[in-house]
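Pasting in a structure now, in structure tokens, and then I'll have a few things to ask.
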Amino acid sequence: MVKQEVMNTAILLISCPDRKGIVREIAGFIADNGGNIVHFDQHIDYQKGIFFARVEWDISEFRIPKEEIESSFKPTAERFSMNYSLHFSDTPQRVAIFVSKQGHCFYDLMQRFRSGELKGEVKLVISNHEDMRPLAEFFGVPYHYIPKSRENKRSAEEKELQLLEESKIDTIVLARYMQILSKDFVERFRNRIINIHHSFLPAFPGAKPYHRAFNRGVKIIGATSHYVTELLDEGPIIEQDIIRVSHRDSLEDFIRKGKDIEKVVLARAVKWHLEHKVLVYDNRTVVFD
Amino acid sequence: MVKQEVMNTAILLISCPDRKGIVREIAGFIADNGGNIVHFDQHIDYQKGIFFARVEWDISEFRIPKEEIESSFKPTAERFSMNYSLHFSDTPQRVAIFVSKQGHCFYDLMQRFRSGELKGEVKLVISNHEDMRPLAEFFGVPYHYIPKSRENKRSAEEKELQLLEESKIDTIVLARYMQILSKDFVERFRNRIINIHHSFLPAFPGAKPYHRAFNRGVKIIGATSHYVTELLDEGPIIEQDIIRVSHRDSLEDFIRKGKDIEKVVLARAVKWHLEHKVLVYDNRTVVFD
Amino acid sequence: MVKQEVMNTAILLISCPDRKGIVREIAGFIADNGGNIVHFDQHIDYQKGIFFARVEWDISEFRIPKEEIESSFKPTAERFSMNYSLHFSDTPQRVAIFVSKQGHCFYDLMQRFRSGELKGEVKLVISNHEDMRPLAEFFGVPYHYIPKSRENKRSAEEKELQLLEESKIDTIVLARYMQILSKDFVERFRNRIINIHHSFLPAFPGAKPYHRAFNRGVKIIGATSHYVTELLDEGPIIEQDIIRVSHRDSLEDFIRKGKDIEKVVLARAVKWHLEHKVLVYDNRTVVFD
Amino acid sequence: MVKQEVMNTAILLISCPDRKGIVREIAGFIADNGGNIVHFDQHIDYQKGIFFARVEWDISEFRIPKEEIESSFKPTAERFSMNYSLHFSDTPQRVAIFVSKQGHCFYDLMQRFRSGELKGEVKLVISNHEDMRPLAEFFGVPYHYIPKSRENKRSAEEKELQLLEESKIDTIVLARYMQILSKDFVERFRNRIINIHHSFLPAFPGAKPYHRAFNRGVKIIGATSHYVTELLDEGPIIEQDIIRVSHRDSLEDFIRKGKDIEKVVLARAVKWHLEHKVLVYDNRTVVFD
């Protein structure tokens, strides 16, 4: 038995109208061609009648060459009106990290990439401040300082988009990046920009959530990782977690405790995304964890 | 050493402007009169400069008779401009429970009162439906059916207030009571009406929080127990807790899982309130748990 | 789209050596006969090379009659050396509850059965004490008082086994039943007796776990639901959960807080078991939740 | 109102037989000399009749000079047979970190010290491996490589003790240091060596806890921070926390998820210790968090 970690696999993410025979058809495509399914996760939204699946199979003895799998699967996909995407475990995603002044999430991510916990390659860091340059250099990742103001926002984003294109970036992680991206920018990376918001959404969207949580006197604070959409803090939620607070906690304690939650929530979301475990529909996510 | 549970104690809840010597003064009042402090919890809000304390002492050898303690303490209280209240562990609060059709919180509370976990005496149950009558009868508590409509709201509340007064009710628990109380009613029981809201406030205030949480695609749901104010679901929060959900959970699963959280969150809040562990200020709570 | 809750489904629980084509074969058996898969959960233990699956399909238009499904599937099962079991959603399990003096789990379960949250039929209650009789009567379930001592253990168990047989009991729930069942008894209901132990196993197996947790000065206590085996508190774990404690909590607080955890942990385990979501192997469980 | 963070305070940690008048006496000592109490936390162990307190007061206008406070308090302490220690918020503790090959806790601590979240000065790092040297250099802390074998253990510890003495170390943090310290070594730093064990003690003490947790099939894993005693993993527990696992998690997932818990549990314990919030008695802790 080959160890799962080092196996070369293909991953299909599928959503389509639910009907009879889908699983058989997908499993048949794989088995008929000599593949061995290692994960088959499936979910049905009964209210809406939608079928979702994530199928991962060992391609070491698969008779269809990697570059032809997509075209070979196409007829099946069309017959069932599938939305689908195909990925390979040996093709890590290319990642850009956006950061502002606070480095706790940035460092945490970099250390997880370096240790191999996160599968992906961080190709560049973009920041509207210079603060995180030393840390980027410590990790050996190119750092691009692109300041932003109301006036230069459009030209700054153009510069960013060019950098992202040059490095063929697949996924953008906003690791406490305190700038709102334009609608156009977001469109270009639909469901590929992951943000961490420092509250338990939909509570406290927007600015200064810890201040507002403190003033409201909540007994629990949280963090939310979501895909960025054109509506601020309203994109599909990937992961959330919380920590207890009490009257003994000052605003500073809220912020300090919150950081620990922000780090792990963002790391989990990025991990699932990079392993192609997240499907988005209807502003919600299916996470095959 | 007397066992803590059976000890007769007095409890002082105090808030006042912070300044030097408060603790000494309070501790002195107790020690000078032969009392033994069993709990001394103190908190300072530095931003606002407010001192809070909950002091509980054994009165078995206290030289001031119970009925004179308040007047004896008054000069100290006035010197420090204290807001304070005095309670005795052998005087359980008189409780009314309001309930509608769903009985999970109601049963849970009754069972905790019966087992002695909640210190207090449930004197009556008021409901706008007949559904919970059998359960009230099982526990031997008078059940008052007071239906409510837009038209009769005022007269219904008058009936309720009369019942509450006749039974000398100290505290009202809304155990999933699906009616909004009038401003006048709330005023009469300021910081003495405890509600359970089936969401993680301030997320999803108002109607159908589980439906809205489900549609928003959150990964965690919660419940919040708070004192009722004239602003719906905006009163001081006493306790909150949460439970994980995923895409595999249907709306029915949200509701089912939520019930388990509602029960424990309400029970904790009621317990702390009945043990005089909750201080309210500025629409927030200090909970000396 | 038929609502999931009221759908008539068949459920296959399967484990077998992992090899190519299993999913296709299972899915093919269902699709070829007109079934619509509503859940397909699969898991592979790579270390041991074992494949596990839980497949649930709508049988409303299935061409094989219910009573012939098992024999029709047999050839497939044999070809892959499957261990398997077949269940139907419209055939609720028949349940016996064993209880001693403490009723919190017993009541909690009964209320969940009554509300329909737990799918199953409680056919009888067996106790070595009389304490829970009134509650059993409140819920209308036959109550059998079978006292136990070192001397009469064998004959008492025989009486119990006879009652269980007469009522064709599928599953036994030990809802804080403080007697150890004999090896023979356990053999008769292998992986069908669910116990709740009031500690976070493998910490504090055996007697008085809260006392020992209190003396050890732990900061978190827990509860564990597991299948009973001949080794005390060492059976396959189905579910665990925890709650925080501190130095402020007395032993009585440990016990009180623990009860809330015991109830929900046992209820979750029983729910999963009754919905045929638990597979046991190697003294561990796969829970397709 | 002076901001709490920058206030100069004195802290008294006290334990003594419980009797009347203790709080008054302590509060009197402070108030009579012009101090303003900012925290007064008190706890009584009723079973054993022991009184515990942590008192923190603003010394900016205190009439007794810092260096005379201890001697001035001594008569009070003796009258009540107090065990006590006196600390000052402007005298940070001097810390040594011991680490082996795994750096996740080490980095996490260093980053918290640097950000000011942990109050203390890391004076040296000791390791039985060279792996963490670059990280220590990144943070500018002296790194001492002291390899250990069965043969050289005594001489290695002597070298360590000399380094600790030269740097006047107050507190040692074992940040995943995989060597057992001798009884003599532990004695020298009683209740001043903090370890992180990667299990939910008392479950899985000793070696390879994640492997054993995985094999036992637990549904939750944890980490425990405790003071080191001569008995392995049996010292007073300061903090514990947990994270959920399932059959979908491999042993590698256990280890990965566990690391996130180890970091926060150790950081919390170190924080409380450095802020003099932990009192040890009877192999348990009182944590005035």
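A, B, C and D label the chains in the order they appear, each numbered from 1.
Here is the rule we go by: a contact is a pair of C-beta atoms (placed from the backbone, for glycine too) under 8 Å apart; a residue touches a chain by one contact, two chains touch by 3 or more.
The shown structure was predicted, so the numbers you read here are calculated from the model rather than taken from an experiment.
**Student:** Just grab the chain with the largest centre-to-centre distance to subunit B, centres being mean Cα coordinates.
**Tutor:** Following the centroid criterion, the farthest chain would be A.
**Student:** When subunit A meets its copy subunit D, do both sides use mostly the same residue numbers (more than half shared) or mostly different ones?
**Tutor:** The interface is built from the same residue numbers on each side, given that over half of them are used by both copies.
**Student:** Through what angle, between 0 and 180°, must subunit A be rotated so its C-alpha atoms fit those of subunit C, rounded to a multiple of 5?
**Tutor:** In short, 180 degrees.
**Student:** Using mean C-alpha positions as chain centres, tell me how far subunit B is from subunit D in Å, no decimals.
**Tutor:** 36
**Student:** In angstrom, rounded to a whole number, how far apart do the mean CA points of subunit A and subunit B lie?
**Tutor:** 42
**Student:** So which bits of subunit C are touching at least two other chains?
**Tutor:** Within subunit C, residues 4, 46, 248, 250, 289 contact more than one other chain.
**Student:** Which residues of subunit A touch subunit C in their complex?
**Tutor:** 1, 3-4, 18-25, 27-28, 30-32, 34-42, 44, 46-47, 49
**Student:** Can you list the subunit A residues touching subunit B in their complex?
**Tutor:** 43, 46, 200-204, 216-220, 222, 236-242, 246-248, 250, 282-287
**Student:** For subunit D, which residues count as touching subunit A in their complex?
**Tutor:** 4-5, 104, 107, 111, 117, 138, 248, 250, 252, 256, 260, 264, 267, 289
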